[in-house]
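Two complexes are shown next, each including subunit A; its partner changes from subunit B in the first to subunit C in the second.
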Partner chain A sequence: MSENSGSWSRRGFLGASAAGAAVAADMTGLNVLQNPVLASELKQQGKRVILLWLAGGASQLETFDPKPGRSTGGPFRAIKTSVPGVEISELMPKMATRLSKYTTIIRSLDTKNADHGGAARLMHLGRRDEPTVKYPDLGAVLARELGRVDSQVPDYVSFYTATEGRGSAVSQSGFLGARYNAMFLTEGNVPPNLRKLDEISDLDHQQRGELRDLLSKRFAAGRQSASLGSHNESYARVRGLMASEQLFDISKEPQSIRDKYGPTLFGEQCLVARRLVEAGVPFVKISRAWWDSHGQNFETHLELVTELDNVMSALLDDLSERGLLENTLVVTLSEFGRTPSINSSLGRDHFASAWSSSLSGCGVKAGSVYGASDDDGREVKDGKIGAAELFATIYRAVGIDHRKDYHIGARPIPLTDPGTKHVAEVLS
Partner chain B sequence: MPPEKLKLAKDMGSKEVFLSLARVKDSSRLFLGASDGKVYDIDLAAEKPEFKSWEGHGPYVTGLALAGETLVSGGYDCKLIWRNITNGGVIRTVDNAHARWIRKLAVSPDGNQCASVADDMVCRVWEVESGKLVHELKGHETLTPNNFPSMLYTVAYSPNGQHLATADRVGQVCVWEASTGSKVQTLQAPGLYTWDPKQRIHSIGGARSVAFSPNGETIVVGGIGHIGNIDHLDGPSRVEAFAWQKGEKLHEFLGDAKGLVEFFAFGPDSKWFIGVGGDNGGLIQIYDLEAKKVTKSEKSPMHVHACVLNETADKLFACGHGRVGVWELS
Partner chain C sequence: MLFWQRPLLALFVFGCALANLLHAEELLPADATIEAAVDHYITARQKALSVEPAPLADDANLLRRTLLDMHGRPPTAAEVKAYQQNNDPAKRRELVERLMASPAFAREQAAAFNALLMNGTNASLRSYLTEAFRENRSWDRIFRELLVGQEKDEEQKGAINFVKARLKDHDKLTAEASSLLFGVNVSCAQCHDHPLVADWKQDHYFGMKSFFVRSFENGEMMGEKSYGQVDFKTTAGESKQAKLMFLTGQVFDEPENKEPDDKAKKEEKEQLEKLKKDKKAPSPPEYSRRAKLVEIALSPEANSFLTRSIVNHVWNRLLGRGLVMPVDQMHSENPASHPELLSWLARDLQTHNYDLARLTRGILLSDTYARSSRWESAAKRPSDELFALGLVRPLTPWQYGTTLKVAMVNPDQYAAELAGDALDNKMQGLESAGRSFTEKLELPGPDFQVSIDEALSFSNASRTSQELLRIDGGTLLGKLKDIADDKEAATTAVWNIFGRAPADEELQSLEQYLKARADRREQALQQMVWALLTSSECRFNY
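Moving on to the complex of A and B:
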């Protein structure tokens, strides 16, 4: 696999300039800003993304697109926000006061697929599957684009602690190779088996690594294999990854910070996410399951949106106060939304025709609302977009040209499907 | 003896979800609290029953208490409204009766007081005639053990009016002395708290229904057991019975039917009771306290949210998702 966008490749660019910092220090000499490719590369340096994945499908009506007074509206009220004329569900009072500072709402997703498995794949890959190509997911692409070659921390960390829906939580680096696979945490907040065994001394461990490196280089001599290179790259980063164990330890945070995120698992994982992006991890996904509220939708959302409101606002505040939010994009996304009609179990079913997402922080025009659903929330009446457009917007927000190509051999693979347009209205 | 037969005698459809019910004594005239914020008035004995409506609430009228000519209604708008049922006139409105959703109302047997419970986890007792607040009963935690908001779902008076019971999301039942407002007993039914730390990391259910037996000795509390599949509330209907003064659990009824048990109606001899509720369909079950078993389990044409037995215990009035009906018992 290679990538190419014009005559400059990212790796070539980084190699030619020795290091990103050196480039930044000498921009005028290289005149990089007149080269759109180089300008894009510079823009994305230091950018991070945190994805809050609301697995199972959160209701747009009980979050970002309430319909008070309509038969589809349910029992929750809509409340005013810090953006004049924009209301969200009363379950999100903290986010209501922060919209104008951090967040843009997209209310016009029409993604066609309302099946958990297929929809989750679509909203992880930004496109439909193709038999001959194994596409990387959002995290792998962002790890590839935003990560540093010499990084000592993981490029892609993914939490999915519940069991429901975990099989649909796509995590694949596809043609990008094993280097960009997720560190996938399913049992808790700390990666298992990261710690060095006590019976091995640090010197032993280092020497074993050097021996493995020597042997693998001999083995690789004269062979050409992408998977072999990917494998060796992963090993080369082992000691750095081991050193990053402390990033997962929230006991190192002041109690006052931990209190803001709250004592729930989702809150703790979002605090770990902040620690990770602060240390340079380019992509972290926290999957919060399970929002599939066919029965008792309102009870479910009373629990889960209350938690989301608290955790999301704490995360955005924390990132902002540390100066990280201007370089960190926080995406709140599900595989689909939920039906406007209320079923006989006081639930809402799967619905992909008019639902919502939010983008906060980096590159986003805070306080904007894009698109609209109709009065009952049954279909998009303005600004309809699909997964590709949302992905293009995410890429643009962090400085990636979504029209660029990767290559598998001679075959160009566009980052987003040809003709895809990003939503310029939500980007600053 | 529990009734052996249960037959749907009459039912009426509607586009609304009926969440609460009150019945005029010795009649088939019902008041229904609905999801559209209206209170509906219907006489099922009429040749052509009609839904007449009164407005005044925001969405979801979840509690009704009828004392003589006075109907008190409460809902998710945190408001209580007193009305005269003859002319529909509003007697009194208390806008912020609670700080969060009102879940249910109950009226004392003498009709002098009504109690409201809400997600602010407080039970408030009101004088029906004057609207004066008599007691605030505080004994339920505002957060679940897993740090999510708790909910105070239901309340019931004892037949002699001396006690009332309240029940919450985690399956705690508090029994209060009506005259003083002091707590006299706490019962635990943790099997009704369906917190799932592994599969979904949230809960569904809670103690949705509570009732005293007519002899005052037994309290039953209902909801749902462990949920396998969230899609259709796929868990066993669950009821627990207590000799409440001793704090002793008598039995756990796990019904064949799946879904929530949302309301109870006791037979006059205290030996049997009816539980109603449902999943995506509806359930009506008859429980035998002496035999400690579910003697009858019937499907209902709607998920049932509330019910009441008539004075001779041979008719069951019930309302729920898009429908109200009357069943004959024999």
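Moving on to the complex of A and C:
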């Protein structure tokens, strides 16, 4: 597996910088900016993505694409936003006032698949499975593209505390290899095995690692293999990752900040996400379940959208105040939306034909709205896109060319399916 | 769908022509030994490129490599010492024969082939394969049982899981069956004729799918209908009905099959529902397409796919790299590194009744298998595909688990008289314990990377310290605790964990480590042992 970016790969560059003193600290002395490939690679440096995964399928009608007054509209009103002419559900009053500052809405997703398992795979991989290639998910690609090889913090942190839908929330590094696996948290807010056991002192823990390293280096002399390299790289990252444990500890945050995010698990995890991206973690995913409201859709959304509105606006404000938002993209996404028709249990069912996603912060044209569904929200009227186009847009927003190729042996594997166009209209 | 780069096409066509030129008129005689043929062809290519191979690995290294490949475990210190002291020039052959006769050989082969054939599914072939390898069942027979094995038959029981586990998705079944069994990944031809490989058209993909499309799940059982076709759209947009076509391009006629009318279909459905409830298998069709596939794949005109693919898999397993890479791209435009060797081995396997043990033994006895994995020559390190030195291979999860467990047993328990069944029983217990210890590790494939989770878990999980680093009479650490001398303790640990004598500078570092912690010696011993267990030497087969 290798990268197809000519003589100047990111790895090559980082490798060179590691070997040749503190190059990264002082770029001015280098002529590298004149190299176009490298310049574009520099553009993605420091970029981060937070994905708010609304598991089970959030309703577009109760969030970003309300249809007030129609038979499909449901009981909630639409309210004006800070963008003239754009309305969203009254369940999102806080986001309504922030739309023009941070966010673009895409209202024209048509992703064809309305089955939880298959649709969740599609919206994690950005394409259909192929039997003999194991594709990396969005997080693994971003970890690879935006992370640093020698990073002291995790590249990909994923929270999925609920059990509903967890099995469908694909987490796979695929052909990129285990280096880009998620640090996957299913219990609590702190990853397992980041803290040393009490029975060993910190100094012994460190020196034990050094002894291990000494033995392994002796073994590796005269032997060459990528797997062998990765073994020692992984152990070399242990101490650094352990030091990042405090990032998961929100008790280190002032109470005033914690209050803004609120006391819910979702709120706390989003606060952890902010601490992580602040420390340089390129990709964090927070999953909130379970939006699958076949019955009582409106009670469910009253609760979940209210929380989303509160937490998302707190997160965006916080990132913005810290100057992080210009380099951090926040995405809301589900496996699909919900049917415009309201069923006899006052629920909405699975619906992949005309639903919404939002992008905020890094690289997006705040206040823009792309695409439209028809009056009742049954079909896309304008600007139809699928998973591939959405992924391409996410990649572009953080400075990654979505047309680049990876290679498995001689076989080129494009980052998005060939011919995919990103949605240029929502990018700044 | 995936696109292939045009410039590569030219390169591959050139490579193909080259391969044909290289393909000598005459292969080595059929009565040469496998080991001689292997070394002949491998050496010939090295010579042609003026590459001097690495020397043979030393006894301790070669014993470890052979035991890991054959039994999935490393040797004990006592076994290494006994092997080193044995001066019989035929000791390597005797070793391979002895290991082959043990039930552990069948278990390890079953584990390896199960991982190959069932990775990514929820089902297992391990118990079936263990039985099959125990009696050295021929590969053509195993192949047949994987595709048409009967659940009622004691010997074939479980084999059909290969198909059953993939029945929910006929495309997956088609792609994986043809990749794993025939070394040919035709899935690119699903959407268009393969742009790079002239051999493969959409017709091939859908032709292969036709063999599987009538098979279906019925509750816990599976059945095969006597009707059903594959329809597909060509890239030109034309609707087409697939013909029953094998990878050779041969098309097969079959008895006429009429789609039943709605009434008959309804009856059939009701009947299947009842069978599902009763947990009974639907009766097989008079004409089975899967049985037809088996017949074709074993016919003289077509059996090179099956044969070359299994030879490549066995070679890949033992040498760490196939003669053709990737192993699912065995086509005319991706030649083998050693085409004549592949042909010779394939012919040998066919003329010897698809005997995998024979093939395995031959490879294990070659000098090519036995080369050192360390490149110490001043010359440039030769590329992997020349097999001029041993390749470093990550252990499988179960091998690493077993390795840790075997290493952590008090060496006094491996008494010299512990041999044969008694030794195997002990090792089987350690295998099971090891499996549970490392079950979460990923199965290594090409370009395998060790995950940070593994490093974190070995560094900080309480299970590591409580289970692996336990100090009691039965463990290595229990033994080390009673050795007062630091040097002796370190020497014992290296012997037990690495299966070799320590080098002077290693010993110095370890001794120093212990000495600096004389006030907490037990902890120091645990830490030293941890460093040995997690070092690359323990994690890899080299």
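FYI, the second predicted complex is superposed on the first by the 384 of 428 C-alpha atoms of A that agree within 3 Å, B and C clash if a C-alpha of one lies under 4 Å from a C-alpha of the other, contacts with A are read in each partner's own complex, and residues count from 1 in each chain.
As a working rule, a residue touches a chain if its C-beta (ideal position, glycine included) is under 8 Å from a C-beta of that chain, and two chains touch if they have at least 3 such contacts.
Just so we're clear, the structure is a prediction, and the values are computed from it rather than from any experiment.
Contacts of A:S344 after superposition: subunit B is touched, whereas subunit C is not reached. Judged by the touch definition given at the top, the superposed model places A:A279 against neither subunit B nor subunit C.
Applying the stated contact rule after C-alpha superposition, one finds that A:I200 touches subunit C and leaves subunit B untouched.
For subunit A, the partner that touches more of its residues is C, with subunit B and subunit C as the two candidates. Of the two partner chains placed around the shared chain by superposition, subunit B is the only one that A:T306 touches, whereas subunit C remains out of contact. By the document's definition of touching, of the two partners only subunit C reaches A:P414; subunit B does not. When the shared chain is aligned, subunit B comes close enough to touch A:G262, but subunit C does not. If you check the complex, the residues on subunit C that touch subunit A are 1-5, 8, 169, 171-172, 175-176, 179, 185, 187, 325-326, 328-329, 373-376, 381, 391-394, 442, 444, 446-457, 459-462, 465, 503, 505-506, 509-510, 513, 517, 523, 527-528, 530-532, 534-537, 539-540, 542. The touching residues of subunit A, counted against subunit B in their complex, run 69, 71, 73-75, 77, 161-164, 262-266, 288-290, 292-296, 299-300, 302-304, 306-307, 342-347.
Of all the residues in subunit B, the ones that touch subunit A in their complex are 15, 17, 35-36, 58-60, 76, 101, 119, 146-149, 151, 198-206, 230-233, 259-260, 278-282, 302-303, 321-322.
In the complex of the two chains, the subunit A residues touching subunit C come out as 1, 130-133, 154, 175, 177-179, 181, 183, 192-197, 199-200, 204-205, 207-209, 211-212, 214-216, 218-228, 230-235, 237-238, 241-242, 408-414, 417-418.
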